[in-house]
Structure formats: structure tokens, C-alpha cells
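Chains: A, B, C and D, in written order; residue numbering restarts at 1 for each.
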Amino acid sequence: MTRATVLYFAGLRDAAGIAQETVDHDGDLAALYAALRAKHGFAWPQASLRVSLDGAFARWSDTPHEGAEIAFIPPVSGG
Amino acid sequence: MTRATVLYFAGLRDAAGIAQETVDHDGDLAALYAALRAKHGFAWPQASLRVSLDGAFARWSDTPHEGAEIAFIPPVSGG
Amino acid sequence: MTRFAIADAPFEIAPLRARLLRADAGAYASFEGWVRDHNEGRAALGLRYEAYVALAESEGAKILDEAMTRFAIVDAACVHRIGELAVGDLAVWVGVSAAHRDAAFSACRWIIDEVKARVPIWKHERYAEGDAQWLHPQADSEASVRGGE
Amino acid sequence: MTRFAIADAPFEIAPLRARLLRADAGAYASFEGWVRDHNEGRAALGLRYEAYVALAESEGAKILDEAMTRFAIVDAACVHRIGELAVGDLAVWVGVSAAHRDAAFSACRWIIDEVKARVPIWKHERYAEGDAQWLHPQADSEASVRGGE
């Protein structure tokens, strides 16, 4: 099992009820989101989100390393 | 004969050697420019210029009234 | 000196603009996004911008770097506010200097479009009726796509 | 309060911009033309702008009025310098506020294009080599058409 930190922002944070959590998980980021989506009841399908690893956009097929910082990025609305 | 004031700007003023002059002329603005072009040796054909009457753009076929203020407008280069 | 920054407090445009002034630049185009008193037909009281700051800064810097290579410009910069904003507050500023106006306008427009599309910043709007919501444009299936500032 | 003005001395942008700020405007686009240190490959020391002021003011006002009807904008303004300018001096400023950025950018670009094409203002450039000349772009058969700022 790999331990990582997951950050939640905006609507995802409201849905999760927390700003971040520590997760123990095997597999890629897509599998991690699927697990967390089931846990928290997120409405967004994976295709509506982007994902980041250690502060840079990443691929859903990337596998987090021990101590990684992961964020699921809901559709942005800056500007 | 109608008396009017003609203003010269930029390259036209340099070519005329004066900023304005009083002219006595019959006919439209096209005829007036042709006469003044011959007098001062202006390089520009009429098609390269615009013409104004009393501070508003005018047609070459307009005929100036007594006391009119006329300007031949060389290609502009503001901005 | 980075070309993109996140600001958690009001910022002055004048010094940012001054840094873009160059003797070889004849054109400067800028864009500012202000908080409006309405959005999607609803009266708005203000809003809060939240960012994933580390990722926003790196993604913003990438956009500005890319603009420098895509367009014949001399320099460019962008600052985006986060935190609580009231109606009339400045939310985002983009400035571009170039030899000619074509490149200045094109780059300025491209930068604000990319920032709105790619930088992880989210807008939380408060309405006169008392409610509030996060705006998540593309995936918002319950409302039409929001394309405004 | 006219939307177009000729200025025979340096002017401040800040109060002009402030007049365009409105609670219903979410977007602001601006353009500035600065005096460059070169034009058409020649080193320039500075320039002089001359205008037929009465006609320039009325034609400029027409352009701004037309912009208000052509684009979905809240307000717009333009000021053009005349007189002696040094490298780096501000020659022209355009500002546009609108609900959305599309109209703000489009109107700003349209206004500066029309001002350059229609308003009776002429540029007299002084060069490092000591000579000087009037720029009369469209009819200049001895040089290529000048499209720069």
C-alpha cells in the first residue's frame, strides 16, 4: 500500500466535507478517484476532472509514489 | 468668385510652404485642389487625399460657400 | 521575476504595467476582469476565489511562457486575485507589450482565455437572495455553460 | 463628457480608466501606443504629432459613438497626444468596458484601427541620423506601406 495525501478544492471539498485526507491505496490515479468517489459520493465522473500529482497536472494512469500530493481538479472558473 | 480659407497640414504644408491661404475660386473642391496642386506642385493626386469643409469631411463635388474653411487631408498616421 | 502571480490581496496595476514598458515596444494591450453586480441574470453581492496555489502558479507561468513563444511580443504578465472580492473589485489583470498591436491584442486575448480554461482557480458567488454556489462551468449539467467574466 | 479627446500634453490614464468602471461591467480592455526607438528599421529619436484638431475631435467622437452601437459595450474612451513626444511616451490610449470580454476586446481593437485610419493626425519622425519626415502611409509610393504603431 502507498500512502498519499489527497487535496480537495471548491465543490469537491464541499462534497467531501474535508479539505484533505491521507489515503492508503494501490493502483493508478483513476482507481484512486473511483474509490474516493464511492466513499464520498462525488457527482463528477472522472472525465469531468483533471488530476495533479505533486503540484503538476498528471495522467489518470500515473501511479502515486509514497508521500505524493494528489488533487482532483474540478472544472475551473477563474477570470 | 467665392472667397475661402484653405488649411494645409503635414506634408502638404511643407510642400506649400504655408499653413493656410485665402483663395478666390469658382467651382467644386476637386477643381480647387487641381488649381492649388498646379500652383504649389503637390505630388498627391486627388485620389490620395480626403477633403473637409468647415471641420467635417466633405465630397469633392461639394462647392464651398463664402468664408468656408477647407482642408485637404493627406494620408493620416496617428496611433 | 515571474510573469504570472496569484495575489491574496488587492494589487496595483501601475507597477506591473511599468515593467512591460520598453523602448522597442510600440503597443500595449491589457485586460481586466472585474466583479460584476450580476451573473447569469442573478444579482450578485460578491465572490470568493479559491486556488490550488502551487499548481495555479506553475500552470499560469506555463501559459505566459507559451505566449512568449507563440506571439511576437516583448513581454507579458498576469495576476489573478484569490480571497473575498466585492462588486467592482479587480479579479484578474493581463498586460502585453509588443512592437505592433496585432501581436499585443492576440496574445492578451489568448492569455486570458487560457487562464480561464486551465488555471485551477474557482469562483464562489454570493447572491442577493442569500445563497451561494461554486461555479464549475464545463461540467455543470444543471445550468447552461457559463462563459462570462 | 466626450469619449474622444486630443491632448496637447501628457495625460494620466488612471482617471480615464476609472470613468469606465461600472458595477455592470465585468471586462475591461485597453490599448496604448507608445513611441518606439525604431520604425521601419531606422533608429528614431522621437516624433511630433500634428492634428487638424476640430476635425480630429469630431471624427474621433464619431468613431466612439459608432463603437457604442456596433458592440455590446458599457463605455469606451480614447485620447490621442499631439505635439513633441520622446521615445517611451504615450501617444494614444483606448479603454473599453463591457459585460463580457469578447465585446471589450473587439471594440478596443476596432477603435484603434479606425482612429489610425480616419482621424486627421500626422506623425513626423526624427531619426538618429539627423533627418526627419512626415509619415503618410497609404499614399507613400516610395516606401512600403507602414503598418506599425
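The definition used in the following text is that a contact is a pair of C-beta atoms (placed from the backbone, for glycine too) under 8 Å apart; a residue touches a chain by one contact, two chains touch by 3 or more.
Values in this document were obtained by computation on a predicted structure and should not be read as measured data.
Enquirer: Could you split the other chains into touching-connected groups, assuming subunit D is not there?
Expert: Result with subunit D masked: A, C | B.
Enquirer: Work out the mean Cα position per chain and let me know which chain is farthest from subunit C.
Expert: Taking each chain's C-alpha mean as its centre, the farthest from subunit C is B.
Enquirer: So the centre of each chain is just the mean of its C-alpha atoms; given that, what is the distance between subunit C and subunit D in Å?
Expert: Once rounded, the distance between the two centres reads 25 Å.
Enquirer: Indicate the whole-number Å distance between the mean C-alpha point of subunit B and the mean C-alpha point of subunit C.
Expert: Computed value for the inter-centroid distance: 49 Å.
Enquirer: Mind pulling the subunit C residues that touch 2 or more other chains?
Expert: In subunit C, 33, 112, 149 touch at least two other chains.
Enquirer: Going through subunit A residue by residue, note those that touch at least 2 other chains and give them in order.
Expert: None at all.
Enquirer: Provide the full list of chain pairs in touch.
Expert: A-C, B-D, C-D
Enquirer: Which residues of subunit B touch subunit D in the complex?
Expert: The contact residues of subunit B facing subunit D are 7, 9-11, 14, 44, 48-49, 52, 55-57, 71, 73-79.
Enquirer: Within the complex, which stretch of subunit D touches subunit B?
Expert: Touch residues, subunit D against subunit B: 33, 49-52, 54-56, 58-59, 80, 91-92, 112, 115-124, 134-140, 146, 149.
Enquirer: Considering the complex alone, what residue numbers of subunit D touch subunit C?
Expert: That would be residues 14, 21, 23-38, 87-88, 99-101, 104-105, 108-109, 112, 147-149 of subunit D.
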